[in-house]
């Protein structure tokens, strides 16, 4: 591998790893102060457990062999990777595997039992994430084969984690006091910090997915940035219209919505498309919040409205905006003369991930809940996760 | 006039406030405090070292009310703050000699 | 001895402190509190959800003073804390039976 | 019943609490406050600008106790909170007309 | 473009983007707690609005065509950029465009009306930033043509934003209570965090400006670091002498002063020059604070003393320290046998930017103030920006 | 130098620099709130003073000439570096020199006099760090010559700083109230943030030590990540067994322990070795805490248990796990057919650094303490470093 490409891929791997603490703070700022360590811990713990699982088996199940549904054991225990797909690729993909289950923690804030959570993400990573990553990114995977595109994980990551979040919430129920007590964010600057780190790291996430330091990577970086920017504007505009205020949390949320939506598209679209995609995402994800209210679903920090809806949106919009003039390895969407073909493939890919991940995630959540328990008892929830799960306090005078 | 001071569990504050409002109490002042009592504290662990934390977070609520309302207020707080579990807190009453509203200079009943 | 308690607007604290100092008051203790009253709160918006925040930040100031100074202190606070707008706060006076300076063990007037 | 209020140096809190516990006091409530007094404050420097900070951090401790225990409690606090250096703080005593334990509704001596 | 150069340029773009949240925390730590979200929001909002403007028109006005005063519309709407200047260059420059107006927010802390601010920076970016960037960095720009040097934006960014800050402050006036009430920083650790991020990101800012991963980039990175270090020491020494204390905020301020001053010089000087430049900047910027006191000007967080003075200083010092032995594309300054030529060009460049940006910024500020309003009303200021502008609270117990 | 290699080395230098503010927050979160600025300041001040010293003399003493014990003055004042070892290498090494003395501040928390600290690290950097770096990394250094391996600083950095921390603690004694008063961390989210930054930056630290963007760099990055992950798990498992809780601080501590231990090994081991090394480090460093209790030593934030013990562990374990199949420039350890040779060299290297740094650090600490004073007086300690040393407060309501 070319030294420039290696340099960029290693840099990107580092950037993606940094996103997980970023996500921890993005979410952590939004919870009540008694649950901040619980939230941070759930996120950084994914850096521990998932990485080891990935080395032992996860990567091999995702990228070993060329079957349509799942990989094999060829690369288990980091075997043969250096001479095969390469350690840089392994590292880069590992960081994706880490952050994906961590995304779920926003939906389940303030009420997960730590041991149950640990078991859930460990199992989920092997049974759900590895196969889906295989489908989407391995040359033999059925989604890849079909011709659907997913540059950096709209389906494999955001739809996947988003629907899993919905499934887990369905199993554990709402926070105590949800809908009756106000639960405002305890430290919004932390959320802004997390947003900054996420935005920064997302350049590695998306532009690194070019797997080379070339024009596609540069295009992906620009698209990522513009979509985040436009997502922020879209959210702020509609928020201002609806509530009279443009909020800081809205700016952060809109940026993340834009980033999610551009993820599948990043290396396949160009010119003003990322701005249109981001703007749409900012508006649609904001509107999706209302839906949540109606479903009386306690998706506490809006993983569904942002990651599931944003991921679906990006995956489908790619069917409109993809442009082979930007990336010859891609395809043309409806707006660029490609007809409905790609749009259809994108929809099928999205549906496939939705169904598979939704059902399996629900099953795993039920199984963990019945055995270890996935939710803390009522007193522990009242005291807060920091004290009940970790015997710690976040802040001292 | 009487000053009613209540030390309660933090998550009960909204309920108590609403109950007082419903009982016609127009004003109160609250602060974050830490309490020591029968409830006991908890242990925290930092790198293998265990700390006994004796104080638990509480909210203190103060309301100056007319003598005639004092019992009602005490009862209202007692009812709305109770969970029946240890650590629910205390209410105490002291005598206030004078009260004044800063904005208008009104005193006594007019001031609360 | 009297204990003067004043709930005031936070940004008025410096002015009140300076006025009390000028009036010869040598000591006081202040804390951060939240007040509920006629002033009402405000709404905050988080991702489209609006919260009504009923409590507004206030500062509580306590000073134990000689009986003879009580009225002066109340007046001084009332004057320096007033903006004329709703939410300026309250001052109340209670009786103190005993006061002691920890450092020296002095009691009464000598202790304040 | 009496309410004992003590303003002390923050790092003395643990010692005072332990002394009160040893003296048989079962409950107390503490808060973070800032004090103004003889001790004076300190200056802080931000980009060449010097600020005089008049208030120093203190802890306020409140305990409602039986009349019979009031003197013991005052003495215990006075002894355990003293460093002999300026700023050790004050203790004052006010009368409490009524006290109630929220959990049980007990009143008076049974409630503290 | 070489893959190694691309890797470095993309990395640099990411680093520069990260500086804006860094700046947000640098400033945000210094304001009172009721204004922290207002400050964070103003900074991250620049990431939204300016990026979109840059894509639509800003880049084209700065880097399209070769006129002496302003670019053209060739690259508007991201048109032709991939095949022309390249997306990596576009991305890198976009991050500069974003952070420049954000620098202003330090001077105007605690009193800007959000809508007025949004309008101001949008207009300012198009009318002031794009032309000045064109003058300095485009081959046809008059400052570039004249032979003045500005490696990474001493004139285009720091003088430009610094004088604009002065202009806006002249229009909006001082904070309520300025000079009578103490307004100490509410969270200095945030300021330290911001400093760390800024320092880190500045490597991209300056060393990325080599536009290649070569010896000049390495030299620029070293110079950047040494100037920051020496700036910190300079500030701390004079602060200790004058007040008896070396403060944490002083260390941060001095480092930033050093970073600002080295910005125009980064790729043109060598050996001990960055240390001398940084040291001078630390001392001079500290002394410039006193000036502010005398002017009774409420440059709240010292944008003028640090960015304007530091930017002027670096721009002029380059006329002394520039050394073609370090970079053959540069010039020799007075100390390296180049005579007064470069020094004169640097002074003319600085003056040009000062006058143009100063006047135009003032005009835009007045126009916005007269229409939308650029300052909040007195009650809103008292309540704080978080609540009055954004209906949010930063912290909850 | 190849542009890809340059890009990676510059990126790595930036990442390593970012670790020092990361360390500041890692430690800063653990101290009491009255000492947070003191802690942050000590760390960022190292970025100032050490960098300048490094440019003036430190680098030259470490990497000039080829004597067995110390370098020479050839590169003093940044002379000839660009044409010699190169500015990128200089920059990268500078960041190592900065963070090493900063590591000490965790052991001495809450009681160092700032002026004494400044003098100590300045002298220490020249007299201790530069020689040890020369021994380990310069081709002529006796440890290098002997054949001991230290990929990124197990001996040169962690053993070195760890034993120096022990020496300084021996001189200054315990915190007032140590062992009687509880001193819980005042802001654990800051510690988590610091951990995230450290983990991120450590990719530059270790993978950058390949000095090229190649397969060894990629392997080092993967090893670094897996060791951190396994270190976290190791610590959490034993902590859960011993205290019944898996704590957030434990997760952070374990990750850092794993990172420390993998540092000397990063480019020399492969497959599951990093996981075994990390796991061992997590467990052993946790157990080392108990030792501290028994020694009644106030190593306040566990520099000895984590950096000294972790550094020794990694240095010795490399004698078991090193594998020339991974890196032909390395050697084979006991488990890979290399016999006891490497193990012996590693032990000698560790012992050499331990003795030299231990004695000299103690001597410097005593000298500084006798002249300037190394510890604050009792009242200043009570008030806290923020106010007594820097006349600042970290937080305002």
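Residue numbering begins at 1 within each chain, and the chains themselves are lettered A, B, C, D, E and F in the order written.
Just so we're on the same page, a contact is a pair of C-beta atoms (placed from the backbone, for glycine too) under 8 Å apart; a residue touches a chain by one contact, two chains touch by 3 or more.
Not measured: the values here are computed from a predicted model.
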Neighbouring chains common to chain C and chain E, by label: A, D
A-B against D-E, pair bridged by the larger set of C-beta contacts: D-E
Chain B-chain F separation of Cα centroids, rounded to whole Å: 50
For chain E paired with chain F, centre-to-centre distance based on mean C-alpha positions, whole Å: 34
Separation of mean Cα positions, chain D and chain B [Å, integer]: 18
Two or more partner chains touched - positions in chain D: 31-32, 44-46, 53, 94-95
Residues of chain F engaged with two or more neighbouring chains: 2-5, 7-8, 11, 182, 184-185, 187, 193, 197, 213, 243, 245, 247, 249, 391-393, 397
Topology of the chain contact graph, where touching chains are joined (line, ring, star, complete, other): other
Pairwise chain contacts under the document criterion: A-B, A-C, A-E, A-F, B-C, B-D, B-F, C-D, C-E, D-E, D-F, E-F
Chain C-touching residues of chain A, taken from the complex the two chains share: 182, 184-185, 239, 242-243, 245, 247, 249-250, 253, 286, 289-290, 293, 302
Contacting residues of chain D [partner chain C, same complex]: 2, 6-8, 31-38, 54-55, 58, 60, 74, 77-78, 81-95
Chain A partner contacts - residues on chain C that touch it in the complex: 44-53
Of chain B, residues touching chain C in the complex: 1, 3, 17, 26-31, 64, 94-103, 105, 111-112
Contact footprint of chain A on chain F as seen in their complex: 2-5, 7-8, 11, 15, 32-33, 184-189, 192-193, 195-197, 199-200, 203-204, 207, 212-215, 217-219, 221-222, 225-226, 228-230, 232-233, 236, 243-249, 251-252, 254-255, 270-272, 275, 326
